[in-house]
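In order of appearance the chains are A, B, C, D, E and F, and numbering begins at 1 in each one.
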């Protein structure tokens, strides 16, 4: 055990296919803060698991993963986003897949930007479609809006159950593909994914973002803004496994360890490990 | 944010359709106490949510809700129940719908009484059908019994999974309509509600009481007497939405914040907001 | 309430049919320790419940249960296992059914041994099929392996979702009956149990071990090694109720109260009470 | 370790000089409950310590101590007090020294009564001198009043910093010897003890009661009614060591483990161990 | 108990001498947030205490205190400060003494401003003398600087043990009266207060601000930025009691209940009650 | 903020004067485990503080400190100790001062060994003078014994208040300089340090080890084996500041974050920062 790095991230940067980094920033969080502590808690939690993934028959000791540690986070969200962009760009330019451990959801924007032209799939309880919030354009409550407008040619949200009237109308008016948690419950995750895959057919590069509050608070109590009636971990895992082959960038954000007794960070770390295994398996095929 | 009042409860008493009040009393609690702190934790939690309810297309900023704050609670359960009755009666007489935030389940009795002739629907893990407990008639473990005997012409319980042999026999002997959590799981909540609605057909005024321990401890760990194998929040929400149109009084009781990291109070606050939205929508139709 | 003994365990040893004992030992635990405190927390939690089991129509006040208190635990796992064996043997020889409250999973071995020739059914997230771990043969991560090799003529595991590549291969190569949590989710617990019962048809004595991490961390967060994507309490209860008639020894292990706010111990205590009621009912038939 | 009994309490009842018992009762607690869980937490905490007391050169393995476990506690405070009286009387009549682990402070009354004619010394933040409270004569807030009026020929309180105006006047009017926490801070504990010892000169049998809220919440956060500006553990220890030679009954009450991360129970267990060592040493002289 | 208002704050606004209000705002907090929840936790904690203050012989039931509840807090610190100013001014203009329950330290500025020309005495671990921080002039780390420059003709800080080199130099260069926690420990609080009183001789109106992190984390663990080696509660109480007669405005800020098990809020509430009693006593003389 | 490294540890290894490293190992812990998580919690806590130390007039941004991250820890204590020795030796050989963040106290042995011939000063509640414990020579309960016998020519312990009779006799028989916490309280830390300095006069290289349980649990609740009646943080700081000039190796061990709400890790991080500042200042003179 080497507590300040993710378990089994034993590769050098140069040899790595996957590069993890943490961003200890929660400066625009509104309700319950603390996601700045999440990268370290997910690292700690990563030692809970076996290296082998029995479902996928992948052993993480065979996968070249590097953990860069944490990026310097600043008081200012804009400065922090610039720093994230620089690091994520460096990873992408070196031909590696970046995995960001947040911190808050605003950090996703520079990661997506670094990945170039992508379809964007986000699991989230919240639309995050505000133009600005609390006077900040780069507030975590606006991240999807700016990604849609600036970066992504395709956008799908899954697990939604919170937003302003304006955000719901924006979705309706723009014809955005958005599956609520109720939809997932009613249709089944398989049907949701089939529609998603159909919509993304022409798109061979996906950025996948997991705002942990997509998941029901029973499974993920340690959140900044827990929203009842959420997705199950199995549903989220299915999304990750199915989309991994086309995914070129991934993140897990919005865990707040202050309100956790460990299980949210454990689930976050497990889903990162599942993503790595699923992507790696698809690359070996 | 105005932390000592429920979010979006911006109406004056006179203008309000819904009137919230808290009762910080847990004097007869037997296993784990602390529900006296629940009204304030639900208020705090209420700021976690958007004002808009996307499922129901209701924005709470448009709904006239007033929060009276907490009622004075006394050492004696009987004195406290008298105080609750006075307040609830005042609300009912003013033509408004009372929503009580407990506190323990014994507090439901005076609220029902204030509402006059009603059918009583309760979600609870426990029968609460004892004649007395610990020497007290008004113990929280007796509330359903006295409501059946004194106040309600119709009675339905949903989510039951705990009681004495005598309580189970009382249900059987009296032909009481009681759905266990096993029934809900086996039949589905829709079938349960269809039977409930049929039974209540002639009754156009319902009092709906939510003892939060109806819900599984995974979703609601912060309880006085958590009982495994419970209902899901979706099932509870379905009951609330379906019965809201006929409901004339509502309460959420038995949350114990001492054993919570926030999610139980958040769920309680969310269900209150859902009740208000569903009832309001039915009133606009 | 008599807090240092299990609720309703009012029988003397001599009169008892069921004999409970605790083993406050977690000496080989690897990730998060604390299961040494679990026996007392389950006792404390046992006072949360009514004596009557409405599903099974059994009142625990009518069942002769004795709680011996805790066994002396030593620094050395081997010494502790010897002590457990002595106690469990004494119970079995006296014609009573032993129920062990762990403590860690390694403690199951001497209990099984004390029960003589049995089929062994274990609910666990982990294979526990290592030959040794951390230099210790009697590590909790090895318990199933040694039971298969030394003690049980039949072995079934349910709820599995973690292991080394070698453990998965061992299962495959040996043709071991092992249902993953994914299997349970896909097949339903009823189908799993029908296959299990068919396999155990010739075997009329079963030892049933419940490593609480078989259960999803949403329901059981207070664990040494929580593993997402687990079984539900209902599925576990179904296993217990269905196998109880043939069961001659039972244990609940690996709860770590340090990471709990009470619900894991409450669930463990409830499942022990359910086992006693189900077994007792089958004995009365 | 044998988690459900106090560490090093290895003697049989018959051979014991000291007899420990727990009373899991907090039925009249007013602010924060939970002292019912304290006996088990003090037992758990007792395993934190070496058997040897270096200050006093006493090894607890040489001292005959018996732990009877917990007394049955009832819903009714009066029934519980009767049960405590029976047990404590049995211990006293057998010529042994009773040590009660509460539970709430009302439990002290029957212990004092069982000890016969004694001087009563209590460390407490609160006067506990009400005639009745919440309609109950045997409320924890009344214990000192009834002991003064019914049982003790001499009474000294140390650490006081809370009471009604009536309680302060009662002390003044009756000329009761009462040292506030301010007095202890200003005079030093040595001066307080010299005055106490002078007052108790003619009295060779003392009952010593430690309401843990005598101690400052910094050292003892896990309390029902924490009161700032309290005594230090060193001051409390000094009282215990100095009065132990004449003490014939001892208790530690009012710890509420729900609000503790362990240190309050650890301190309570340590003070019990210190009392035993100090008393034993005086008996060997 | 009326949980959403401070205990014994039974007076109407018009009749009150003291007016309490809470400000649930922590928007500029840097390390650990959560002081937004402090007003409600101090209210809750206020029910822990007797109405009577035995040291000062004042019974709070005789003192006209009003609790206005919480002020609306906004996302923007500037908007929130404006709202606080409006409320505090209203109280001062009505001839009453405002007591603000924060919330973060930046909220003190508008309270001081509302009180007009005052000497400012602050207990704090931190200088709070930055010109701006994180791009915000009204950051909590700047509050003392702006009060010195804009509002107070006299300034004294007590308990200091943290600052930048620039802040320490500013103190030295400006000849500011500042007592470090080391000074308090070395000189004794009495000597500190004598120097303070001498310096404030000509000033008959003092605003007293208590940043709870002035106190050692042993006594006040629930803080945004706990700083070891702090003041004791007795020292803080002495400052409050001695300065109360001249004090015209008071606040308690920076408690973060998220990191508390209650004792910090209890201490904060107690110090508010002590301030009220001491001020009231001086007014009766 | 760069959460996985100690704050202000901005130097490269080559440029550094001080080299920090963590060892996430608690394999031999006996009562409450969790010190494996302490390095990361102290790093997290280090961001709580200003870079400037006002007492010593040292700004940590001017001090060349490097944080190597965590050392790989193994299941086996012996393997882990070898790894620690290798790393510590590398630091010492490179002419830098090693600062180890434990993990448990056994880890001190290889650090002392790496420093060569030193006088050893340890602050600890426990003698740690056993020859072996739990069958392990390198148990944390034996570290001082082996350092005395194998490595240190001078040995002083401060803060002692727990040990076996044999350990106390060993101290007496060997004429070991050992100050109990009672001694520190009675003599004052200054007198203790004068005796210590006199004894160490001929020794110009000291290794200083801080077992955090030397400190009273009020200030340091998050410990493996909290022992009441301990030293104050001021006393510990005085030892560190006075001995820093001669100190060539330093460590902080035995914090258990599982039982902490942050203040113990904050105090540990602060004391490390104080040591660095004091040592650096002495080097500049």
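Brief remarks on what is shown
The definition used in the following text is that a residue touches a chain if its C-beta (ideal position, glycine included) is under 8 Å from a C-beta of that chain, and two chains touch if they have at least 3 such contacts.
Molecules present, by chain and UniProt name: A, B, C, D, E, F = Agmatinase.
Since the model is a prediction, treat every value here as computed from it, not as a measurement.
For the pair subunit B and subunit D, chains touching both partners: C, E. Chains that touch both subunit E and subunit F are the following: A, D. A turn of 180° superposes the CA atoms of subunit A on those of subunit E, with the angle given to the nearest 5.
Of all chains, the one whose CA centroid is most distant from that of subunit A is D.
Residues touching across the subunit B and subunit C pair largely diverge in numbering: under half of the numbers involved belong to both copies. Averaging C-alpha coordinates per chain places the centre of subunit B 55 Å away from that of subunit F.
Computed centre separation for the pair subunit C/subunit D is 39 angstrom, with centres defined by C-alpha atoms.
Chain centres here are Cα averages; for subunit A and subunit C they lie 37 Å apart.
Counting partners per residue, subunit A has 32, 216, 218, 259, 261 as the residues that reach two or more other chains. Touching pairs of chains, sorted by label, consist of A-B, A-C, A-E, A-F, B-C, B-D, B-E, C-D, C-F, D-E, D-F, E-F.
The residues of subunit C lying in touch with subunit A in their complex are 31-32, 160-165, 168, 180, 182, 185, 216-218, 221-222, 225-229, 259-261.
Residue ranges of subunit A in contact with subunit F, taken from their complex: 1-5, 22, 24-25, 36-37, 39-40, 43-44, 69-73.
Interface of subunit B with subunit A (complex): residues 47-52, 54-55, 57, 59, 216, 218-219, 233-234, 237, 261-263, 266-267, 270. Those residues of subunit C whose C-beta lies close enough to touch subunit F in the complex are 30, 32-34, 75-76, 133-135, 258-259.
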